[in-house]
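Presented sequentially are two complexes of subunit A, the first with subunit B as partner and the second with subunit C.
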Partner chain A sequence: MSSGDLPLAATSGMPVAVPEIAEEAERPAPNLLRRLPHSRVAMVGLGLVLFWVVLALLAPVLPIARPDAQDYVAIGHPGSSWAHPLGVDALGRDMLSRLIWGARTVLAVAPIAVLVAYAIGSAMGLVAGYYRGWVDVVISRAADVILSFPVVVLYVILIANIGPSALNIVVAVVLASAPGIARIVRGLVLSLVHHDFVAAAQLRRESDLYIMLVELLPNCRAPLITDFCLRLGYTTITIGTLGFLGLGLPPPTPDWGGMVKQGTAMITVYPHMSLYPAIAIVSLILGFNLLADGLTELALTD
Partner chain B sequence: MLRYLLRRAVEMLLTLLVASFLVFAVTEFSPGNVARKTLGAFALQSQVDILYQKLHLNDPLLVRYVRWLGVLTGLEKDPLQDPSLGLDFHDPRGARYFGNFGYSTLYKAPVNDVLWDRLGNTALLAGLAMLVIIPVSMVFGILAGMRAGSWLDRGLSTTSIVMTSVPEFALGVILVAVFVVGLHWLPGTSPLDASGGWSIPSQLVLPVAVLAIYDSGYVARMVRSSMAEVMARPYIRTAVLKGLPRRRVILRHALRNAMIAPFTVILLQINWLIGGVVVTELVFAYPGFGRMLLDASLFGDISLIEAATLVALFVATATQLLSDVGYRYLNPQSRG
Partner chain C sequence: MALLSIRDLCVEYRTSAGRLVAIPDLSLEIAPGESFGLVGESGCGKSTLLMAIMGYLGRNGAMPRGQIMFDGRDLTRASEAELRRIRGSKIAIVYQEPATALNPSLTIGTQLIEVPMEHDGVNAAEARRRAARTLADVHLPDPDSVMRRYPHQLSGGQKQRVVIAMALLANPSLLLLDEPTTGLDVTVEAAVLDLVNELRVKYRTALFYISHNLGVIARVCDRIAVMYAGEIVEDAPARALFADPQHPYTRGLLSSIPRLGADKRSAPLRPIPGSVPVPGQARQGCGFAPRCPHAQPGRCDTGPIPLELADADHQVRCVRHDELGPLVLPAPAAANAASETGEPVLQVDALSRTFAVGRAQLLANDRLDFTARRGQVLAIVGESGSGKSTFARILAGLDRATGGQLRFLEQEIGSRTVRARAAREVAAIQMVFQNPDGTLNPSHPVGRAIARALRRFGVARTRRDTQERVRALLQMVRLPTGIRHALPRQLSGGQKQRIAIARAFAGNPSLLIADEPVSALDVSVQAAVINLLLRIQAEQRSTMVFISHDLALVRYLADEVVVMYLGRVMESGPVAALFRPPYHPYTEALLSAVPLPDPTLRQTRIHLEGEIPSPLNPGPGCRFASRCPRKLGSICDTVPPPERRPSDGHMILCHIPVEDLTRVEPVFQPA
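Right, the complex of A and B next:
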């Protein structure tokens, strides 16, 4: 058998795959979240995320020092002790407390930013995919320009100029992620818009808004749930990276990326100051990514 | 094909134009202006005001943007080099030439003197990282995707997810804690200058590792899913059922089709690496493009930010074009 006939073999395989995909779209979107316990990977991910969510929620009632309280005596021996199980940072602030309060920061900013990005991105994608024409051209071209920026470059230029604050980080995340979400939703809408249920709704004289929000958007659910988890992980990386670059939340707000950065000054003597927050951020991102991976697996094996 | 390339080139040019205008507009939000940044924090306000007037900085945004375009294309002289300003800014290439990115207010040197050396250093870093990423992710992805669901697949896929869950800055700090502080095997900074006692290759190990580990995990996942998808196709089943050895089925039948999608992903990693170097270069004090961009942004050096953005965007859009053309060439279906 020569290798020359391979492309032919590959094309002959395709017509089988196409009806399968079409069939998939006819079926109602599987309720991914309800079947979550079937995936061990997803459950490990969920466990990691919940671990930090619970700690973050309980932060005010846990028996830990305030995140900005300084223990001047402990600065001399910043390693772990009974009073400070994970040690203190260079300013004598309790590491454990700052990690837990830092979880509150990232777990508030990341989901809000991603949710707002989803609201704006889905709206853009729905409008572009449903109306087509010049609206689609304008939205798609604008998305292309934003998406051609290397992401970190976009964030650095934006935040360095508009200033670091929780609101501006949300603005930057929305600006950088909404075009990508819009592109996904637009693609999904284009594949759905020829289906009978859309034509039926148009015959019933439903408004365009109703068709987009009630008929089309819920059918995009399955791929978007996975993408949402991935984006949460990615946004957590972004927020951490901005903190590390000195473009995160201004001090004294406990921010994991910023803590890693401050710790690097002492890394040759007391590596724990930057290692612990680095491990914390890795565990949360791992949680989001495992969750996304488990959900993808569930969606495929449906 | 020629018409397609021409259309894409025009689109690329438009993207660069729009993006450079956006960057110009965003820098409006930063405090201070070119006059203050040129003269420094200790200049009197009256001196700054005079320079502000002479540079016509109170013109509308669009006018100043068009003037900047004029300098870039060599139609106009760089206003900062005007000898009557008394700034003593000198570009050996002259005040008017094509590709004049102007004068960096941060480094007090022509942008073209600063930019290209840094870019060369970064290209070295990114190139070495690619040399690690491609074989590692291929081997991982092919082994995992070969038998989807096997223990080998589970193990390799989980490893890949862990690799993509460690942000570059966290990985940098962890590697420094282990190999620099703990084991004393490698240097913690990479100034590309052997006077500190560490050879230049030894300085490159950790930065390349940081860039490569994160990205290999990502590309490996792409290779795996493409491989798993191809292995499930009927023609592979046919090949197996007619008794071909497994090795032959994978190497000669599956790989060819499985590599089409990852090919584009791998090229697009160049775009990702441009961002990755910002963090990596900061961690290891590496004299590269990414750290220059960060410093320029923090300082508000508009000429340098614009030049760096244009270079980054050019690399990004050019690799995008290359991957699209390559995809059309590799995938007979998209040729129609």
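Right, the complex of A and C next:
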């Protein structure tokens, strides 16, 4: 195809009839995340999440005790005091410090796990929805098998076999979440693939990979952002549950679920040892869920 | 006394962006038994008006001023209980989408019987009798079996008949119809319109018919009001409106739709510039002034423009209506100018596409035969299920033929999809799709689609070159170049279609497939897009395969026409030959179904019996035999029809001899 015979006839003296669009159309419409301030629910959720994120980031510079430092004097009176505003645990470790350092664990492990789950789940969903046929059957049935296990049982079996560690928690979460994500993406792709812009891309001989990643995936964005926040909440629960079952991060790493578990031994005498980490878990989950609710609301009013 | 009388009505919506006035001030009257049509494009407020009459405005809708007097009562002040009593018994409504008007989990009978039991308090046996009688009135064969069926077991046309029957069961004095035939095939549409006409007389019901299609309204209504930007701009008896339109918008609409017999060389369409305004925009004076060729600053853009009497019974909202003179439409030329006769670009030879559906065979394309030449427009006409889109997909390389040959510039391409075609072949065949909302990726700025095509087809290599060519293509489709940064949802339907055209022409295609490119656009912008497409096609001497169900449009733009029915070519030939006898009986039926806003033409009415049959395992005879009004006898069912050639290049697939087909009375005659 020679590049010389460009259709330039339109410019030959004929007036461009009517400027049909105002110049303001030059900037793209604000996307979901940029409209976040319009939803009060989302802002409350974001506030809760950011509260923990900031604390976690500042943990090394805050004037708090080290999370594994034991104050043997305080063990006798573990309630709140000037030295330990939220008291100490049964081993004399500062509760506030352990909560803040524990936030670091959750806020590092949960997003990493969900992101990896998203990478794998989206890839599976895209491939299944775009190619359909036997590829779809294999992926969907495999996903169904995993989804048919009760999640907690799946975690327990996995962690009990491969041992508790941050990496293994990530592996477990990915295995349990990816099939659900794949299903969502597959459904979205199935509804998109019949649109003519996909046919138009095929008529440019774009590769399948380009069509999946550039044409299809960006249009799954809105529901996936919401699901991402929800999943961060679920994963927070998971990490808490695993910690509570003794399958969390090995001690002495501060871990909210583990703290609740250790506190139960003295719950009737010193309820704060379980209560504070429990509140921490609840507030973070609530933050993620409210954020997800707000995003859904914004997506619907679009 | 008027049955429905709307006075000074204002309808507004409260939105997060403030009050949005959908209808500033509207008055109209409908007499008992009258058939009143309201024409308007998307966003002009016609559906809002309907919802206001029905009392369905929703929580954010309000009517701060005005009255809707029906049967001596003001519906704007009526309580919910009163409204409910009136709806269904005195006022009934038929919506656009019949599928959503019926409950999918109840049988037709159950849903119909409810109506007389609820409104007239009759017992179940009597209700069943009335339901069966009304179903017979809407010409549904075998009412008893229809009553036992569920909505999904009926076709779209049958469902709409059931919905009309349901509306009529309560014997309403006013029947509201909101685009009841949009989405139906032309022959089915024509049958539903004739049914509405017949029932209106039989049930002595007044009609309030809403549509965007002037031709459809012309077929049903005695009096027509034209609505634009929330206001009625013209209100006149049907004949007067078409014979002597007063408002520039009405005149614009009439000169932007093709009249039958007009073609692109003798009588080009005159589009209305610009696009339909967004509802609720604040403005001074005439809402149409920004698009009006006659607008005068100082007169048209100040103060409210009143409805004036142009003639007894003919009202118009234009300060200049008596200065404009009669509307002169270009007269169609008697003979067609010579059409293009370049070398063959596309040769279709016994092309077939079969799908296996379970154990059955679906012949989506069955032995297609035709040729398109350089610079020509070849139109493929047919209703849903005719296989025209399957052919387009094979031609574009999105699907593969299962038999026969498809030669493009002497190369066989029917058996190869885009993956197996050379880059040059892919760039040479491009497509403009039907639905402007799906044609562009909602996540990408619109310029990106064009830029990507330029890069993929090797037309532009550097970034700067690409940008320059994107600008040139945007100018070619008459869009401001700044639009390339916009997202599709910020554009109107017409603008999206222009982007799609620019994208298709990025690789300088020698063949363009246009699959109903304007059927989803507002009437007033269709002409501009059609003219644009034809201008570029003519300038580049590319061939265009134009797929459509709109025969008036096909008459206007095509050089050659192929009429398809259930996968088979029924008739093909030069456009002029197709629009006069000898016709194939199916072509004749299609022509008689074209809704034309032209009272100077008399059109024969041909009713096709039944619905388009299942395309699975067709018999050996003629595909059209089951609905053919000129069926000869069993020969049509059992023997494949011969190809008759009444003149050079004209083919009719029919058992009826050419001499008999030639003697058929023409569908269109001067009234």
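Everything that follows uses one rule, which is that the second predicted complex is superposed on the first by the 272 of 302 C-alpha atoms of A that agree within 3 Å, B and C clash if a C-alpha of one lies under 4 Å from a C-alpha of the other, contacts with A are read in each partner's own complex, and residues count from 1 in each chain.
Criterion: a residue touches a chain if its C-beta (ideal position, glycine included) is under 8 Å from a C-beta of that chain, and two chains touch if they have at least 3 such contacts.
Quantities reported herein were computed from a predicted structural model and do not represent experimental measurements.
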Thinking of the overlay built on chain A, is A:I157 touched by subunit B (first), by subunit C (second), by both, or by neither? first
Of the two partner chains, subunit B (first) and subunit C (second), which one does A:D196 touch, if any: first, second, both, or neither? second
Of the partners subunit B and subunit C, which touch A:L209 in the superposed model: first, second, both, neither? neither
Touched partner set for A:V61, first subunit B, second subunit C, both or neither: neither
On the superposed three-chain arrangement, identify whether subunit B or subunit C touches more subunit A residues. B
Going by the contact rule set out at the top, does A:N219 touch subunit B (first), subunit C (second), both, or neither? second
Regarding the shared-chain residue A:D293, is it in contact with subunit B (first), subunit C (second), both, or neither? first
Contact-wise, after the overlay, does A:F244 reach subunit B, subunit C, both or neither (first, second, both, neither)? first
So, A:G263: does it touch subunit B (first), subunit C (second), both, or neither? first
Where subunit A meets both subunit C and subunit B, residue numbers: 1, 3, 6-7, 9-11, 16-17
Residues of subunit A defined as touching subunit C within the complex: 1, 3, 5-11, 16-21, 23, 25-29, 194-197, 199-200, 202-206, 215, 218-219, 221
Could you list, by residue number, the parts of subunit B that touch subunit A in their complex? 15, 18-19, 22-23, 26-30, 157-158, 161-162, 164-170, 173-174, 176-177, 180-182, 188, 233-235, 238, 244, 252-253, 256-257, 271-272, 274-276, 278-279, 282-283, 290, 293-294, 297-298, 300, 305, 308-309, 312-313, 316-317, 320, 332-333
Help me check something: in the complex, which residues belonging to subunit A touch subunit B? 1, 3, 6-7, 9-14, 16-17, 41, 144-145, 148-153, 156-158, 160-163, 233, 237, 240-241, 244-246, 257, 260-261, 263-264, 267-268, 271, 274-275, 278-279, 281-282, 285-286, 289-290, 293
Would you tell me which residues of subunit C are touching subunit A in their complex? 273-275, 396-398, 418-419, 421, 423-424, 426-427, 429-431, 433-435, 438-445, 449, 452-453, 456-461, 465, 469, 472-473, 475-480, 482-483, 485-487, 489-492, 494-495, 500, 503, 505, 507-508, 536, 539-540
